[in-house]
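The following pair of complexes shares a single chain, subunit A, combined with subunit B in the former and subunit C in the latter.
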Partner chain A sequence: MSQEFPEAIVRLDTFSSAVWYRGKRGRYLIEGSKCGNCGELFFPPRAGLLCPACLERKMEPHRCAEGGVVVAQALDDMGFPAWGYGDDLPRHMVVVRLDDNVHVMGDVVDVGPGEEVAAGLRVRAVLRKHRREDTGAWAYGFRFVRDTKGEKGGS
Partner chain B sequence: MAPRVGIVGIGHCRFGNSSDYDLVDVIAYSANDALQDAGGLELRKQVDQVFVGNMAAGMFNHVTSAASALVSRMDMEPVPAELIENGPASGASAIRMGYMAIASGMADVVLVAAGEVMRSVSGWEATNIVATMSHTEAEYNMGLTLPGFAGMFTRLYMEKYGMTERDLALVAVKDHANGALNKYSHVQIPVTIDAIADGESANVVNNYVAEPLRMYSTCPISDGSAAVILVNMDSPKAKLFRKKAIRIAGMGAATDTHCVHNRKDPLVLDAVRLSSQMAYKMAGIGPADISFAELHDAFVIFELLNSEEVGFFERGKSFIGVRNHETEIGGRIPINTSGGLKAKGHPVGATGVSQVVELVRQLRGEAEEGRQVKDPKYGMAVNFGGFGNNVITTILAKD
Partner chain C sequence: MSGIIAYGNAIPRRRIEGTAIRAVWGNLAESFLDMLSIGERAVLGSDEDTLTLAVSAARSCLERAGASGTDCAKALGSGAAKALGISAAKALGSGAAKALGIGAVVLGTATSPYASKAAANVLKDALDLGAEVLACDVQCAEKSGSTALILARGLIESGAVARALVVVADTPNRHTPPGNVTEYVAGAGAVAFLIGKEAGLAEFGPWKTHSWDQNDYFRLEGERFVRSGAGFYGWVANWGLLDHVVPAVASFFEATATAPADYSKFVVPQKTGIRALMTMGKCGLDMMQVLPYVLTQMIGDAGAAQSFLSLAHILDWAEPDERIGIVDYGSGAGCDVWSVRTTQALAAGRPETDRVLDQIDDKILVDYAAMLKLEQKMLRPADQLSNFY
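And now, the complex of A and B:
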């Protein structure tokens, strides 16, 4: 199989397309949870769980904002890329504070030469390919691009 | 009044590459050493309980139920045995369970052995397996590995407090100087600041792993094991052991949010602070009483953050202390006298017990010449499980 696909292929049997598919609302839409009682927002979603702020169990789906600001960044350039991201190095791993004040982990893509990714950069979420499963199926999810004026929409 | 719990035997193998050996044999090696150290292999029949610390043998070695295998391998049946898994804090957790077993009165002598054989898989897979402890949906699936996390922490710290990459290298130089003297450490070669920060080829020798984190800011992937024997110092069985017990004066444990991005300030490691406060309170001492410490430095930024959270330095000042040689042997508060995870190695499940073995060696005065702390009274170990979200602090005292 590794001849068919140039990128690193998953070899461990602990993860599957089905797992990715089940979490699709979180990964396609950045859908987290909102407490129906006190309005606290959460990502990842806490569906069916107690709200740690008010101890009510009234979680509702909540689509998080798509724009945000980078608050932490590291350029992952190690010899051991994260599983399935072999051809994708180096990657700008970031924590983004979305405009509704929810923090999410992610990476910034489409960074051209000489362009800097650092805390304070405005980014917005786009739907992109993530990695290829051992079945050959592509997993999609949100990633971030620089939110500069005049840039076209996501792919 | 809980009984006093002491450590009467220690065992440790040299960390490094043991991937030719069976995981259970690697753990049994240290467990046997601990029994020999305590007075002889026949003492294994006095053991009331075995706890084995291990993080991911199921994935690394295709082995599960290592505790049952270990008692059989060591001819210790029918002693009760359990496997304790708490990520990279599995070792410290196993010791904590041993303490609890003795404090509850269910056991008087407990063998705690921990080990990990990680080099049975490629470095790439090992990184992937360790990364499975992050949040599946929000962290792991975004393609984040632990060096990526640590790189973010390092960047935030550098921007907030004005630390430079050279300061990180200074910590590594100090750790490797200690590790070079430790007969158990994986990397026994000292490094110079010239080689990894100042010199012309430093960029090649010490390349980026997750910028601004470099190779010498990161622990190696190691195999190894360590073991201790805990005993109720107030029971008649304590007299069977020839070594003077080193008392567990304090233990604390605390947890934090699973997702790092859910913390209010990622540079504040609440779990470290709370667990150390718990341990200080139990021991009836404060940070100034600690003679030396083993802090979990899978990435050197953690050594700095931990030393601030446990109270050795003010927030944002620890790297200044490193510049002033305060954390070296003979300094104000020697940190990672064994070489730490950085030089000694980090077989994830074994690390917690390995740190405690180092405390015992120092408190007994058995450390190698050149890295023995002068007349220590209290030693402290901080063991991380997860990314700062499950922390166990142990304080040992020489009475």
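And now, the complex of A and C:
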């Protein structure tokens, strides 16, 4: 019996290890940006300091809320998933409005038979294994699961 | 003095029934299912591993301790935090670590996703605990958790750090070869303890250990699957079990001047139900001290995390001022025995959601083929990029 680890390594250079590594705070903690002047929130984080809303240069890191509500969903059941996402189909791809009103895209995972994923579903972020990098290292990041504990948070 | 301030637990949602495994392999007499307490066991999702379970348990633990990760989450004011008078941390960056005084994160696991890289650092980053916090992996077979806890207690009791986060996570199911008898019981899970100098919800008592090198379940470098040291499951493994557990428990009772009757509950090794019964019988424990806290028949054996899940389950329901013993055995690692005594704070501080039994009840049953796929046990070509090419 082969003892080789069978998880596929993504060999396309679309996401290099360096890019995955630099983005780890965004993936682990949903860290985006917040304007220190007008309070506008951004995810993914902005590259520069400039706020497009008030033109002030006071952008700082901001950890987004970990809970939120699904506002849009698409079921990927075409049988032709994006590279590296073929292991757990169909995919429930969603846009989530987090409790601080930041919108992020993600997957809802651990969906059981008869459980519906639709707008209005309360979800919370969990850390999951996204894929293997081209070097073989594991890339972890947030995904969403149904939140059975209900509403909490919101500033 | 040191104690548990808060705890959190995580169990994969997916499960498989022992009968579904037997339907494929037929490699176990039907009567063995009952004899070994084989019911259902946890199945990993394809995106779950030791670290993802560790992060879930640790986030729940910190939340219960009153530290929320994000500045938007309200000061949660959980029962545990209130009962202990910890003001809720409402901070960015490493605020949670600073507010709770966490100086060390110790991850106990025998199934780290990396052979050499510190998985505890991924855990620490995912909790946003700050670069100044010591991070360390402890690998000591199925007693990685107890050993990690004993080391972290040392850091606290010596005054080196104010508080420490001990996370025990294990995924023996992904490391069990198809067709092996251990496939019926190997599960996964994680528990996190925030510990500190105070008695908290439960105060630690003394510990004792007993170990030597035993040629017993191990994984070789670069290999995914656990090998049996002597070929027949249940023979050398159970012999090693009693060789370590009996003297360890005896020396524990002697050192603490206590007897089995002084403990209301006991957590015992439970890779299968037989191990729990053997430990119970040989150590003079009573059925009612042991059997209600054996979780194997519901979620299988979560390796290093199993005895911690049992203890978390006990803390979910225990009364104040109960003495609870923990006997933790690891293959080739020996046996650690320790105890906790619950405090008055437990009555108000016990969790009301996401208890161990809540997580056990919240499940999705999968069949054998799905389990093989999800636990990455199917041979696949190395050049495959997607399902079409």
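Definition applied: the second predicted complex is superposed on the first by the 134 of 155 C-alpha atoms of A that agree within 3 Å, B and C clash if a C-alpha of one lies under 4 Å from a C-alpha of the other, contacts with A are read in each partner's own complex, and residues count from 1 in each chain.
Simple rule for what comes next: a residue touches a chain if its C-beta (ideal position, glycine included) is under 8 Å from a C-beta of that chain, and two chains touch if they have at least 3 such contacts.
Since the model is a prediction, treat every value here as computed from it, not as a measurement.
When the two complexes are overlaid on their common chain A, residue A:105 makes contact with subunit B while staying clear of subunit C.
Touch criterion met: A:76 reaches subunit B, while subunit C stays clear of it. Looking at the shared chain after the overlay, A:122 reaches neither subunit B nor subunit C.
Looking at the shared chain after the overlay, A:140 reaches subunit C, while subunit B stays out of its contact range.
Judged by the touch definition given at the top, the superposed model places A:130 against both subunit B and subunit C. Between subunit B and subunit C, it is C that contacts the larger number of residues in subunit A. Applying the stated touch rule to the two superposed structures, the overlap between the subunit B and subunit C interfaces on subunit A comprises residues 8, 11-12, 79-84, 88, 130.
Per the touch definition, subunit B reaches subunit A in the complex via residues 59, 122-129, 131-132, 135-139, 141-145, 147-156, 159, 208-213, 259-262, 266.
Residue ranges of subunit A in contact with subunit B, taken from their complex: 8, 11-12, 14, 19-20, 23, 26-27, 42-45, 72-85, 88, 90-91, 93-95, 103-107, 119, 130-131, 141.
By the touch criterion given at the top, residues 1-12, 24-25, 28-29, 61-67, 79-84, 86-88, 98-100, 109-110, 112-113, 126-130, 137-138, 140, 143, 148-149, 152-155 of subunit A touch subunit C in their complex.
Residue ranges on subunit C touching subunit A, taken from their complex, read 13-14, 45-49, 51-52, 55-56, 59, 68-74, 76, 92-93, 113-114, 117, 122, 125-126, 128, 177, 222-225, 353-354, 362, 364, 373-374, 376-380, 382, 384-388.
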